[in-house]
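So, here's a batch of structures to check.
In the two complexes that follow, chain A is the common piece, with chain B as its partner first and chain C second.
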Partner chain A sequence: MSEFLQYLITGLGVGCAFALIGSGLVVIYRVTRVVNFAQGAFAVIAAMTVSSLLGSGVPHGLAEALAVALAGLVGLLVGLTAIGKPGTSPQSALIVTLGAAVFAYAVEILIWGDQPRSFPGLPASVTVLGARVQSHYLLIIAASALVFLAMALLFARTDLGKALTAAAANPYAARIVGIDVRRMGLLSFVIGGALGGLAGVLVTPVQQVTFDGDVVLVVSGFAAAILGDLTRPAATLLGGLLLGVAQAMVAGYLSTSYQSEVALVLMLVVLIAQAARRPMIQEEPA
Partner chain B sequence: MSDPVIEVEELTVRYGAAVALDAVSLDVRAGELVALIGPNGAGKSTLVNTLSGILSPASGRVTVTGRLAHVPEGRQMFGSLTVDDNLRLGAWRDRDRSTDRIYAILPELAPVRRRRAGLLSGGQQQMVALGRALMGRPRVLVIDEMSLGLAPLVVAGLATHLRALNAEEGLAVLLIEQNARLALELCSRAYVLEAGRLVAHGTAAELASSPAVVAAYLGGAA
Partner chain C sequence: MTRPRPGTLLTAAATLALPLLLRDDHLTLYVLLGLSAMVTIGLSMLMGYAGQVSLGQASFYALGGYAAGLIGVHGGPTLLGLLAAPAVAAAVALVVGVPILRLRGHQLAFATLALQLILLSLLSDATWAGGAIGLQGIPHLSIAGVELDRDIDYAYLTWAGVAVTMVVAHNLMSSRTGRGLRALATSETAAAAGGVPVGRYRLLVFAVSAAFAGLAGGVYAYFVGYLAPGSFPVLLSVQFVVMAVVGGLGTIWGGLFGAAAVTLLVQFLTDFGTRPGMPSYAPGVLSYAVYAVLLVLVVLFLPQGLVPAVRKRWPWPRLVPTRR
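Here is the complex of A and B:
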């Protein structure tokens, strides 16, 4: 029982990171209709940045905050290259983000080398109902819960959130009422960058990060987000948690080497189920 | 004669090599109801989109004095947002986004304020589009194909609101319509646009008795 509980909590912790990555994908997709393949890179860059900042004496908390802010800035740069030019189709922008993700490898290797990095999180462990878990997992869960709450409030309660939704739902009408659709798209990339960065910062103390670790993160985040059709944050949270727990259970009871296959299988199952429900290719009305 | 709120001088707009508007001149004065009628593809929507700054002119001048609000063709709802949210976004440029005034002007919207705009009937959506445009307290309203696809009774209701807004708040309206009968009933002056050129202009009464307009737009028998 305590073993199960341990896997459950660690699974939820890692699942939160997947959900954060996934919700970054969702925010960007909702506003711009672009699938951002550079989403995992935000996490890697932020994690590497924290390790450097801590190494040069910046205290915990500040280092993480700076890294998340940097990830937001990187998000803005990716956004500018992907959708900065008016009239770029989401399909072309998607390829640009793929290019940005590969370009990020080069930058990461130049700055941080190709070796895995990590940094300490919350040091102690706690006992939850008889199961010993690193308290850092609880920090991940608490921080993610706060961020998801803030995101829900942003989209459901503020005019800025409504304007972000409106820019995606009807760009023509958005322009008519004076919403700057391009600026909303760029803002969504900043938010997506910060969410990805937060995921990397939170998860790295319990999972080492390498320059190419973005693939696993983006695949897991995508698997989480696809559960909500890439547009629903709540379903993405659920998907992320489900995936994290499933991976932890597989790793705990079977073998750690099957972890990433879990994400791929889940994604396939969801995609096949969705394809069965409706035609695969849907043209957006002009 | 009062001051013009919209003044269009020798406006030419092109899509690539195609000329959508060819040296069009028209004006709308403060507190005036003016119609622009013409068939599909005459360039009416091109003119609207140029007035609201979405298209740029190849040559000529567009001068808008005071705030212009645009009620677009096809209502253009933010379908997943509520009626109230749609209205609030109408004042996106402003600090004050209170919607109470709109429910006082368009009481039909009050009972559906929490409904998703995408789920409303065409007539209700047209009302939301009108309310959204009024949120920015415009001096002139440009309404594109208001009656398209709506039942006559619904159109009559909308027209009543426009008359009241014009009479009580001095709101000027440029009504772009395929439904010439409605346009000539509601407005005091009208322009006729065909294939990108203005072919007629006069008071509503003059146009309603012009044989050419009657034959082309009012179903022959006047």
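Here is the complex of A and C:
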């Protein structure tokens, strides 16, 4: 029983990171219709930044905050290249973000080298209902809960959030009432960057990060987000948690070598099931 | 059958003469360039005509390589291995293509990426295929008792492979199927209304592009003699996308020139990066940066790609004026 609980909590912790990356994808996709392939790179850059900052004596907390802010800035840069040029189709923008992700490799190797990196998180471990878990997992869960709550408030209660939602729902109508859709798109990239960065910062103490680890991260985030059709943050949270727990259970009870396939196979099944409900011929945009 | 243009004949003759003049290390580059071109031509058709992004084209390259390699290692006739390579890749494409080709745009991109990650993970666990260490001691290709063991042999084998790929692609595109595919690329609804079996044609292009990649993988296996899951990273798939986009999607020559341009540029920068005095990470950083910058610039500012843009300015002369 305590074993089960241990897997459950570690799974929820890792799942929160997937959900954060996935919700970054959702925020960007809702507003811009662009699937941001560089979403995993935000996490890697933020994690590497924290390890450097901590190494040069910046205290915990400040280092993490700076890294998340930097990831938001990187998000802005990616957004500017992806949607900055008018008339870029979402399909082209996907390929541009793919280019941005590869460019991030060059920058990361240049600054941090190609070896895996990590940094310490919360040191101790605690006993929850008889299961010993690293307390850092609880920190991940708490921080993610706060962030998701703040996001829900942002989208439901503020003008800015409503403007973002409006730009997502109907860009044409949003423009008519005076919302700068392009600026909203860039803002969504900043939020997406910060969310990706936060995921990287939170999860790195329990999972090492390498420069090319972004592929697994973005695929896991996409797998979480696809459950909500890339548009619903709540479903993304659920998808991420489900994925994290499923991976932890598979790794714990079966074998760690099947761990990565869980997300991939689940994603394929969901994608194909969703596609089966759509007609074969693609509707053309009006 | 249209008569070949002078440019085609000239390119064919020049590339045929080239291996005789090249040093050994340049011959290796020649072979690898040709293999990339074979994969890219297929991917370019898939992306240009079926309008689909595949981020897993390297998985078909890997499948072809492993099919040829396994047959070779177990003492089977290597020519059979070379033929099995495209067949296995195409068969797998047909099987996985039925469910996943219903997906569109970013969904297909992620699905093909996921399939490649699954394949790589399966290959690293498969002890019968050498596992993560890889498949070693693959023999050279021998055709009718003649063993191809020099680099120049593989240069000509690759040249033939590229030629076959281009002819097949050209004939496919100028056939009834090709016209259907071009209709499909502009409007699926209109094509379907006009009687084009959209799903079946898309599957056909997927399988043909997989066969090209598989054939390239087969040649690669016999040329290098060693395969591992690490030889086919996700970045290799990205590299094929870069080559296809740079050359120009949906054009056969674009596949060839895109592969040539990117390979030569990256090789030039690698030579530059491995000069004494350069840091050890320089080649990696430079090649990643080149892929990224090329991809972004071409998508944003030259969306048709290099070859169509050049052709628009300087149309190729034709021996026989054709009516359009």
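Convention: the second predicted complex is superposed on the first by the 279 of 286 C-alpha atoms of A that agree within 3 Å, B and C clash if a C-alpha of one lies under 4 Å from a C-alpha of the other, contacts with A are read in each partner's own complex, and residues count from 1 in each chain.
We take it that contacts are C-beta pairs under 8 Å (C-beta built on N, C-alpha and C of every residue); 3 or more make two chains touch, one makes a residue touch a chain.
Here the structure is a predicted model, which means the values were calculated and not measured.
Following the overlay on chain A, a side-by-side fit with no clash is recorded for the pair chain B and chain C.
When the two complexes are superposed, the chain touching more residues of chain A, out of chain B and chain C, is C.
In the superposition on chain A, A:183 makes contact with neither chain B nor chain C.
Applying the stated contact rule after C-alpha superposition, one finds that A:166 touches chain B and leaves chain C untouched.
When the shared chain is aligned, no partner comes close enough to touch A:157: not chain B, not chain C.
Legend: residue contacts after superposition of the two complexes on their common chain; A:103 is shown touching chain C, with no touch to chain B. Within the superposed three-chain model, A:132 lies out of touch with both chain B and chain C [touch as defined at top].
Of the two partner chains placed by the overlay, only chain C lies in contact with A:90; chain B stays clear of it. After the two structures are overlaid on chain A, the closest C-alpha atoms of chain B and chain C sit 20 Å apart.
In the superposition on chain A, no residue of chain A contacts both chain B and chain C. Residue ranges on chain A touching chain C, taken from their complex, read 35, 37, 81, 85, 88, 90-92, 94-96, 98-103, 105-106, 109-110, 113-114, 212, 215-216, 219, 222, 226, 257, 260-261, 264-265, 267-268, 271-272, 275-276, 278, 280-284. If you check the complex, the residues on chain A that touch chain B are 159, 162-163, 165-166, 169-170, 172-179. Within the complex formed with chain A, the residues of chain B that make contact are 52, 54, 70, 72, 76-81, 85, 88-90, 92-93, 97, 132, 136.
Contact residues of chain C toward chain A in the complex are 53, 55, 99-100, 102-107, 109-111, 113-115, 117-118, 121, 125, 187-189, 192, 198-199, 234-235, 238, 241-242, 245, 281, 284-286, 288-289, 291-293, 295-296, 299-300, 303.
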